[in-house]
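Some structures are shown below for you to check.
What follows is subunit A paired twice: with subunit B in the first complex and subunit C in the second.
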Partner chain A sequence: MWLSSIAYYFFYPSFFIPVIFPGLIFILIALLFTIWAERKFAAKVQMRFGPFYASKRLGGFLQLVADMIKFAFSEIIVPREVNKTLFILGPILITGFSLVPISVIPISSIPQTGSILSPYYGVFHDTYSSLSLFSAVLTPYSLALAIALTSVVSVLVILTAWVTNNRFAMISGIREGYLSVSYDALITISIIGIALEFHSLDISKIVTAGIPGIIANPLAAIVFLIGMLMGSSRFPFDITEADSELVTGPYTEYSGLLFVMTMAGSYILNFAYSLIFADVFLGGWTPLTGFPGALLTVVKAMIVLLLSVFMRSVYGRYRIDQALRGSWKYVFPAALASVILGLVVGPWIR
Partner chain B sequence: MDKVKEYPKGENPFKLFADHLAAVGTGLKYLVKPTRITLKYPEEAMTLPTGYRGMIRLYKDVCIGCTLCAMVCPADAMKMATEEGKKLPMINYGRCVFCGFCVDICPVDALKETGVHDAAFSNRRELVFDPDKFDKDYDELPSGEILIRKVKTRIDEKKGVIHEPDQ
Partner chain C sequence: MTSGLEGMLSGTGMEVEVVPVEGELNVGPQHPGSGHMRILVKLNGDIIEDVDLDVGYVHRSVEKLSENRNYIHLIPLVERPAILDSIHMNLGYVMAVEKILGVDVPPRAQYLRSFAAEVNRIASHLYGMGILAVFMGHSTGFMWGFGDREVWVEILQALTGARVTNSYIIPGGVRRDLSPAIKEMTEKGITYMRRKLEDWQKIFINNPNIKARMQGVGVMKREDAIRWGAVGPNLRASGVYYDVRKMEPYAAYDKLDFEVPVYKEGDAYARTLVRIEEIEQSMKMLEQILKEIPEGNILSDRFFRQIPPVRLKKWWEGQRRIVMPGYYASFRPPKGEAVSRVEAGRGELLYYVVSDGSSKPYRLRMITPSYRLIYVFKELAKGCRYADLVTVYGSLDYFPPEADR
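Now for the complex of A and B:
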């Protein structure tokens, strides 16, 4: 009896999603895997082996664990002339606000019976889409809210750069400001195109429309992917934390666990964007429901995340002016075209 | 230098996009079919060519003590030591430049170049080899459970540098 009540609270979506499955604990493991995969991919393309000797059987996977232990035991140095509170709060806010969007993205639907999630059918019933959603927060505007929450992070990066009071951090803060203006416009306009096409800002309605967004509006998918690479500072838009020119940009003065948090922040943000991409453009959980559906969505998101870290091994880094010119001259018209495509194709999608 | 090839700017954006796709495709091709040119050195070692100028060894019985090797040594690494009335060379690997002059000049071939180049020492005194130590062959593998695979390097037209097991 008490076991079932504990299970009820354990699997309660508002707890389970942010803390366990696509949330904190899963993300910690996924983060280690992603960084390991990033290094392995880059090594393969560049004819090297990558991390190997830390654990030969696992292909060097424990190298990341070793790195994490090293960071955990290293000293956190706070510069003398910074605002101490904001300096420590910066990376924490970045990591925290990168996690927040995950809680508004529905990752699966709940069937009425026969699933481990079925007890929540009534609690998480969305009257707007007449579905029960496996999502921590129910809202009919989940797409708009998720995009809005992801765009907060760039402001916090600028805050971190400012509070660090280092000239590298200042330059990278300005670069982040330039970039955030352009990628937010791209992502928002591509999302508007999708919303017009599917007549909804609700992710669940877009997923259950039956046709994945990448087929319905490939232009918006490409624009969103480029915006995602820019927003989470992956290559070739690794301009804010360009480590060969600006040490590590806004995070120059950070050390120890705070540095881990700054690094984790951009990967978590990338994962949140990948979840949105998997739901909106790759069909989300469509054939499945319940917990397998959530697994399917997260596997798709992981594939998108791996693709975006794979870009490191293909591209170099653009200059800031090249990135801005590319985004406003080529990608922005494509985003507008995706809106028109959405308007044209929209009437056929029910 | 007066003729630099200029790439026209403002090209067809569709061609630019196709180029980007081609770049990612090439990357994926390398990801699926990786060709590694890195040698896993402690486990794999390259077979060295004959005549490789590695560490030098002495044949004590052959040596006639003519001091030519010590005389020709450009780095002053070779010195003569007197042992029971016989002059024998000793070498300081801290000074040796592996030029091989001593091997070339020896009139009785008492010195020989071995294929060993990867010796490690923990202090400078160990670098000086007295005639007894100098007399031993350095070719033997380091004692231990590590199995060293000898590989040969071949250049393939399609794959680039590949390492093949030797023998």
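Now for the complex of A and C:
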């Protein structure tokens, strides 16, 4: 009896999604895996072993844990002339706000019976799409809300860069400002294209439309992917954190656990983007439902995440003016074209 | 960009006042993209207005120290400024000393000098390209540069006994002879590198990202290259046919058939292409050397005769190694002065040695290729974007310790 009531609260989507899966705890493990895989893939391309000595049997899987422990015990140095509160809040806010979008993205649908999630069928019943959704927050505008929440992070990065009071951070803050304007435009317009095509801003309606977005509107998928790479500072748009030019950009003065948070922030944001991509463009949880459906969505998102971190071993880094010119001159028209494509194809869907 | 915006908006009622954002940036000496120096960058927005190179962080005082050391003891010292190009550093110095001594070097030793020099040139170019790649964020190029360099460093180790500070070349010849095992190693290395260069083309040279970063960046015109005193691959990328190996052949270069790659563009990309082609030419030369190397001694008879028979038996017979008696280290050359020039990995390297008849040089002057690049770097960086600073730096293959000496 009491066990089942604990289970009820444990699996309650508003708690389970942000905190356990695919929220905080899962993300920590996923980050371990992603960064390890990123380094191992890159090592394979680059004729070396990658992480190896920390836990030899696991192929160096625990290297990041070792790094984390090292960072956790190292001193957090706060420069004398910065605003202490904001300096410490910066990375925390970046990491926190990268996590927020995950709570509005529906991960799976809830079947009426036979699933561990079935007790929430009535509670999380979305009258708009007449589905029960495995989502922390139920909203018919989940797509718009998720995109809006991801775009907050770039403002916080600029805040961090400004509060650091370091010239390299300042320059990278300006770069992030320029970039965020362009990638937010790209992502938003491609999402508008998709929304027009599927007649909905609700992710669940797009997923259950039966046709994945990447087939319905491949142009929007490409534009979104490029915007995602820019938005989460992945190669070849690693411009704000360009280490050979700007040390580590906005995070130059950070050390210890705060530095870990700045590093984790961009990965978490990338994961949030990947979740949106998996839902909107890759068909999300269909044809599964319940918990397996959630697993399927997350696996798709992980594949997108791994693809975007793999870019590191192929590309260098574009210059800020090249990235801006490229995004406004070539990708922006493509985004507009994806809207037109959405308008044209839209009537046939459903 | 600024003027473009003003021009676009003028007369539309939307004029904006573009305020130039000027500031100075201390890049280095503790910076991932600075090397052992401080680059004082004056920025206007994203455009570099002026660059001031604060060099000297790794000054070793080679020239002054050399007035207090024996000629032989100087060999390890003159190598130190550019340990990744140490054969050339060593070769230039020894050639100047040999001119004062008036020693003839046997042909086999000359070939071996060319051999070691070309192996070292490949290693040095790969190192430079690796650094260039990581400056542009291309980590694969960085790892490949250093990984492929290892092949050539291993060959140098087999030949000379040391990976980087070889001290291989001594007045009168070289220290060790070529063995069949090293020959085989080199042939394998050449085959490997030829295959690998194709991969380099795919992932680095023809990568659209890398092309976009390098083409038209840091353009050095022909006249500027001559006026600013650029040397080596950087000069040849600006359309000047100049190579000391062709102009004043030393070692075995007059007998070797090779071409000097020249590009007209003068940008960072051309400089990289010159290096890639030089690697190919060097491998061509290595093949010729392996084929044509004459038999004979590797040390001038004048010095060879001084080796006691016991030592000859222990080191020379079987191992083919030269181990000179201790007093060789304190030889006294006649009074005189000499200038030598060699084409080092980064360009022309000049030595000027004055002897006053004692066992120590009266004066040693070395003008390293990177030393001449300081001004070139300063001039080229002007007008670039801030992100191009490291591209220019890497494409010039500027090596701070070599410049500081």
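Rule of thumb we're sticking to: the second predicted complex is superposed on the first by the 350 of 350 C-alpha atoms of A that agree within 3 Å, B and C clash if a C-alpha of one lies under 4 Å from a C-alpha of the other, contacts with A are read in each partner's own complex, and residues count from 1 in each chain.
Just so it is clear, a residue touches a chain if its C-beta (ideal position, glycine included) is under 8 Å from a C-beta of that chain, and two chains touch if they have at least 3 such contacts.
Please read all numbers here as calculations on a predicted model, not as lab measurements.
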item	value
Subunit A as common anchor, with subunit B and subunit C clashing or fitting	clash
Touching partner for A:Val314 - first (subunit B), second (subunit C), both, neither	both
Touched partner set for A:Met47, first subunit B, second subunit C, both or neither	both
Partner chain in contact with A:Gln322 - subunit B first, subunit C second, else both or neither	second
Partner chain in contact with A:Asp238 - subunit B first, subunit C second, else both or neither	second
Residue contacts on subunit A - larger count, subunit B or subunit C	C
Contacts of A:Ile158 with subunit B and subunit C, given as first, second, both or neither	neither
Touching partner for A:Tyr330 - first (subunit B), second (subunit C), both, neither	first
Against subunit B, colliding segment of subunit C, chosen among 312-320, 330-338 or 366-374	312-320
Shared contact residues on subunit A - subunit B and subunit C	45, 47-48, 313-315
Contact footprint of subunit B on subunit A as seen in their complex	41, 44-45, 47-49, 52, 310-311, 313-315, 330
Residue numbers on subunit C that touch subunit A, as the complex places them	1, 23, 25-26, 31-33, 46, 133-144, 147, 203, 207, 209-210, 212-213, 385-390
For the subunit A and subunit C complex, residues of the former touching the latter	42, 45-48, 167-168, 171, 235-236, 238-239, 242-245, 247, 312-322
Contact footprint of subunit A on subunit B as seen in their complex	13, 16, 23-24, 26-28, 30-31, 34-38, 40, 160
